[in-house]
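Notes follow once the structure below has been shown.
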Amino acid sequence: MNSALQRRQFALVATVFQVLFGVLYAVFCRYNTNAMPFGSASRVYVNTDYPLFQDIHVMVFVGFGFLMAFLKRYGFSAVTVNLMLSAFITQWATLLRGFLTQEFIESGKFTISINQLMRADMSCVVVLISMGVLLGKLTPVQFIILAFVETSLSILAEHIIFNILHVNDGGRSLVIHTFGAYFGLAVALVGHKTNVMETDSDGSIDHSDLFSMIGTLFLWIFFPSFNAAVQQPEDARHRAIMNSYIAMSSCTMVTFIVSSLADNLGRFNMLHIQSSTLAGGIAMGSVANVVLYPYHAVVVGAIAGLISVVGHVYITPKLLETKLGIFDTCGVHNLHGLPGLLSGIFSIYFVLHYEPAEYGRSVHTFYPYFAGGDLGGDRDAYSQALYQLAGIGVTLVTAITGGMITGAILRMNIWNQMDDPLNSYDTNFYGKSEFNFLNRFTEEDEVDGSDKRNSRLVVY
Amino acid sequence: MNSALQRRQFALVATVFQVLFGVLYAVFCRYNTNAMPFGSASRVYVNTDYPLFQDIHVMVFVGFGFLMAFLKRYGFSAVTVNLMLSAFITQWATLLRGFLTQEFIESGKFTISINQLMRADMSCVVVLISMGVLLGKLTPVQFIILAFVETSLSILAEHIIFNILHVNDGGRSLVIHTFGAYFGLAVALVGHKTNVMETDSDGSIDHSDLFSMIGTLFLWIFFPSFNAAVQQPEDARHRAIMNSYIAMSSCTMVTFIVSSLADNLGRFNMLHIQSSTLAGGIAMGSVANVVLYPYHAVVVGAIAGLISVVGHVYITPKLLETKLGIFDTCGVHNLHGLPGLLSGIFSIYFVLHYEPAEYGRSVHTFYPYFAGGDLGGDRDAYSQALYQLAGIGVTLVTAITGGMITGAILRMNIWNQMDDPLNSYDTNFYGKSEFNFLNRFTEEDEVDGSDKRNSRLVVY
Amino acid sequence: MNSALQRRQFALVATVFQVLFGVLYAVFCRYNTNAMPFGSASRVYVNTDYPLFQDIHVMVFVGFGFLMAFLKRYGFSAVTVNLMLSAFITQWATLLRGFLTQEFIESGKFTISINQLMRADMSCVVVLISMGVLLGKLTPVQFIILAFVETSLSILAEHIIFNILHVNDGGRSLVIHTFGAYFGLAVALVGHKTNVMETDSDGSIDHSDLFSMIGTLFLWIFFPSFNAAVQQPEDARHRAIMNSYIAMSSCTMVTFIVSSLADNLGRFNMLHIQSSTLAGGIAMGSVANVVLYPYHAVVVGAIAGLISVVGHVYITPKLLETKLGIFDTCGVHNLHGLPGLLSGIFSIYFVLHYEPAEYGRSVHTFYPYFAGGDLGGDRDAYSQALYQLAGIGVTLVTAITGGMITGAILRMNIWNQMDDPLNSYDTNFYGKSEFNFLNRFTEEDEVDGSDKRNSRLVVY
């Protein structure tokens, strides 16, 4: 028998947060003067960032939503919880980043414009990656708590990496992909319980994989926008687009090749195609602004595809599942974790490989503490390489310890927990809506009085 | 037994209209000189409006098409009739708006550019909203007649509201969302017949709801573009984007909260998620250019989500269906009607709330008859508020009377009518293609000679 | 029993090509200086072409992928092979076009920027069109060989048509749509074998057609971007957008009308709606930059819709299938072949119809050999018309002979071939993954040791 507190827990927690957000917006947040009268906004202003923003918006809401829709019982949950969490995170991330601005420290207010919307959308990706590990293991209220904590920690890590360590992570592969993957895995490690997936005889049904391909393809298509969106100056942004495009192509070819090699009959594996084809964009993330030669992009993409498929074939079943007991629902470790780490390693390699002079004046935009820049820094390539390494370290330490603590918090019985899937094996998601997000649900709880549409579809 | 006239009615009527459009284009329509040689078009010109136009294009054809695809028997009809009607309306709306331009009155010709394509696409939305009420109740030929009449009336209402009353409805919530919803409901009231949906044991099947989410998500993502597309000047357009984005986020959170509260087990309802999450963008429409503070956008979105879900839970079943006997197929009243009205009310509130000085010179773009503008107007905030109220009135009166007259026209037996669903309960949409849009269809009518592909899939 | 060579053939061939691409990129390809430090890139630069590029990117990967997803057994193959081939072609096309540049001839290196990405994406479309004819007839390794040869020949034809014959084919209807369609048909003619489709009792299942509509709609929406992307100068690009938009609308109306007339009960045929609605954009391709009056666009679209549906109803079953024995899996001849030819014919008509003076100085951009241009040409409208005719001829001759030779190559037994579908009638794509791309597959070959996810889904 569920208590009223359990049934209303999500509504209560979400309301508290939403009211808090409203109050914080009211007190601290204003629009950028470019959005205001007398501002210098020209008609071109909106178009400069807006199309890139919308590409990322599609990635967050359609791309990630449908990418996770391949699970038999979780198609709706993936798409709708994705929407809910993203709506939550965009607000919290915007506020948090505002509090860290120089403007806020000086004036007690911060301003936002389209650039801040892009960054808020990118913060959603951190949590959606972790959700890929945890889908089927957490209730909506747990996801809300997770999103609150993880967004806070990831923006803290971002702040340390960019503003204190002055690390180059232009396409955000460290602070988004690597952070999200290892945070999620750490939550799964600590908060482990048997997942519904693990008891499913087969994980997907026919059409679900086509829905999932909608997600994959929109992520694939717009990855150059993701890696380029917040890059500066414009030549770095242009390079980020080109490098990502080329790396995606070579990564895709290598994914098909290695997937075929990994099958004893030479066939392709849909899971690899749905995820590893994207690894090239992630591996390019941290270095998208610095790679200067197309063939370097080809190589980066190829290595990413190789490592991602190898991860699916060996590392996930042999290490994560068997040794650590982590069931990574969507293969996030191979899609975001390994390629993100790889991107960090590339960022060390390329800072040592290229001559700083090749970048001209732009060099101080992505390596702001290099000797000769406005910040008065004194780094050379070698010391910057050490800072890049420190960036990987900060990311992993923050993500893993933060994830483990969050996992411990989420295990607490005050939160609604998922049913044990072994006892609800035959729940029918669509038929009678018996499957729900309360932990000790019994059918008699349902007061039958809902009209036709109310019984139509209920997620979780 | 169907007469040849019945079987060929759609082709006949559609041909007459298409020939008419061709002739009107030939006699009256020219391209804008910017699209012509010697024009001042720079390479930036196309990009200024074009990306926003394409966002709206996706909303119209993918967004609305798939939003209505959740119905078991009407998935194909929703998507294809959506496409057909939109192709029809873009032509008719472009012509009609041209006839109302000063340029046409002076020279007997009017010119079009990308801006006119945006407006034509927005006119499609009016009819697609009404189609959401009427899906499953009208045959294609009836939809064509409806589109012709409704587009004409909505552009007339738009002309009165903008050019005669000088009302601010920047994101078009009154002349598009409110108009489309109440027009459709009025048609359903007068032209009522038992709907296929009402006899369906359950309205959706498993995957259909995922298709529907494709529609919802693309509408959600691009709503800022919709509200901003035709805004001027650029600071208003920038605000429209930001306000819509923030309102969408808070509305989505509130939708999940209220949907959970409305269920006795605290679960989410897919119908609410598919529609009410969009209410924030609609409620923001009329005021997207004037709201100056982010937290006002948070509040507008939250109220919209609340009212929309309450509409689904109480108003539709208790008032519309029981009292008025209107079966609103897609819940359009709660998705477009109530939030649209709400937007009108906000437009009254905010004109009184903000100081005109806060807008600087932009104020005369959205309140063109304010004292001090080029039109020589003499309004202050209070009198503008009364005009905003008049705008709501004009919208409702035109939509409801127009819809009732259209409903009466569509009931006439000269048009093909839908079969009584009670007698065609077990028609199999896919199997034998027995289900069709003729009203007294008998299977013997079918002359079997169609090849494999001809029998593949037939809509309506 | 399959040999190791057969099982590893795809991996081997694909690896050879990918390594070759990497080497060629390393030796010959550099980024445009605009993407490099000290370049003149302004923040506006990226936005000038990038949004149009992304529209085409969506068409290639989502549009074509899902357009072909309507086949019962080939939904996954369509989407994934589409992705693989496109990743392959973007690399090869970029290299080939680079080798044909003046820059490469002079300096031994060529540079790329976003414009080259657009052109690479457009080259994918050539092969994806041919794939529409051949889906279900070729194995992945055969598709790779096909893509290599066809991309080479189509870029050769493009080079002849643009740089030697100075033909106007702004939206690339000749060198992309016509070439791709007739190349594919020629391959099918020579390499004919019974297709899986031909033995299928019905070609599509319920939801597959909704997936297919995702493809159709994204192609429909972004067709103006496709026809406009590489147009110059800006007034031609603007006209290309407007003309395509208008032609798409009138073509869609005519498609519904003729589809209804072609059915003895006046119903619409899903196949026509999925393909013929796009014919307007293709028929407009070659002339999108030169048509100066909106009603000409209306007429072009209407004729295209008429001819495309007539092709589906009469030409495909009566000529292609019965006389020539070509089973055109996706109706490519009516979607791309006939409308492409039509576009070539319109390009002859319009060069004779309009006065060159009407275009102002832009005329030498699309008719570069007209008297008075920089190239010192001496053509008038009449001689240009003959060159337009020659352009059609070159396209058809290259495509058909190239396709027949390729078909002969692909028949060679060194390549993996599809199983005879008559012997694998009851293969279950999803269940046991028995269906694969090897030609003499027996179930005993499968060493059962794959984990749950490996057996999840295997394409081909």
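The letters A, B and C name the chains in turn, as written, and every chain counts its residues from 1.
Keep this in mind: a residue touches a chain if its C-beta (ideal position, glycine included) is under 8 Å from a C-beta of that chain, and two chains touch if they have at least 3 such contacts.
Bear in mind the structure is a predicted one, so any value in this text is a computation, not a measurement.
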Item to check | chain C against chain B, contact positions shared by both copies (same if over half, else different) | outcome: different
Item to check | Cα superposition angle of chain A on its copy chain C, in degrees to the nearest 5 | outcome: 120
Item to check | Interchain centroid distance [CA atoms averaged], chain B/chain C, Å | outcome: 34
Next on the checklist: Could you pull out the residues of chain B that touch at least 2 other chains?
Outcome noted: 44, 47, 51, 207, 214
Checklist entry - What residues of chain A sit close enough to touch chain C in their complex? => result 44, 47-48, 51-52, 55, 202-207, 209-210, 213-214, 217-218, 220-222, 225, 228, 233-235, 237-239, 241-242, 245-246, 248-250, 252-254, 256-258, 260-261, 263-271, 273, 277, 292-295, 298-299, 302, 312-313, 317, 331, 358-363
Next on the checklist: Could you list, by residue number, the parts of chain B that touch chain C in their complex?
Outcome noted: 2, 6-11, 14-15, 17-18, 21-23, 25-26, 29-31, 34-39, 41-47, 50-51, 54, 57-58, 61-62, 65-66, 69, 75-76, 79-80, 83-84, 87-88, 90-91, 112-114, 117, 140, 207, 211, 214, 430, 433, 436-438, 441, 445-447, 449-460
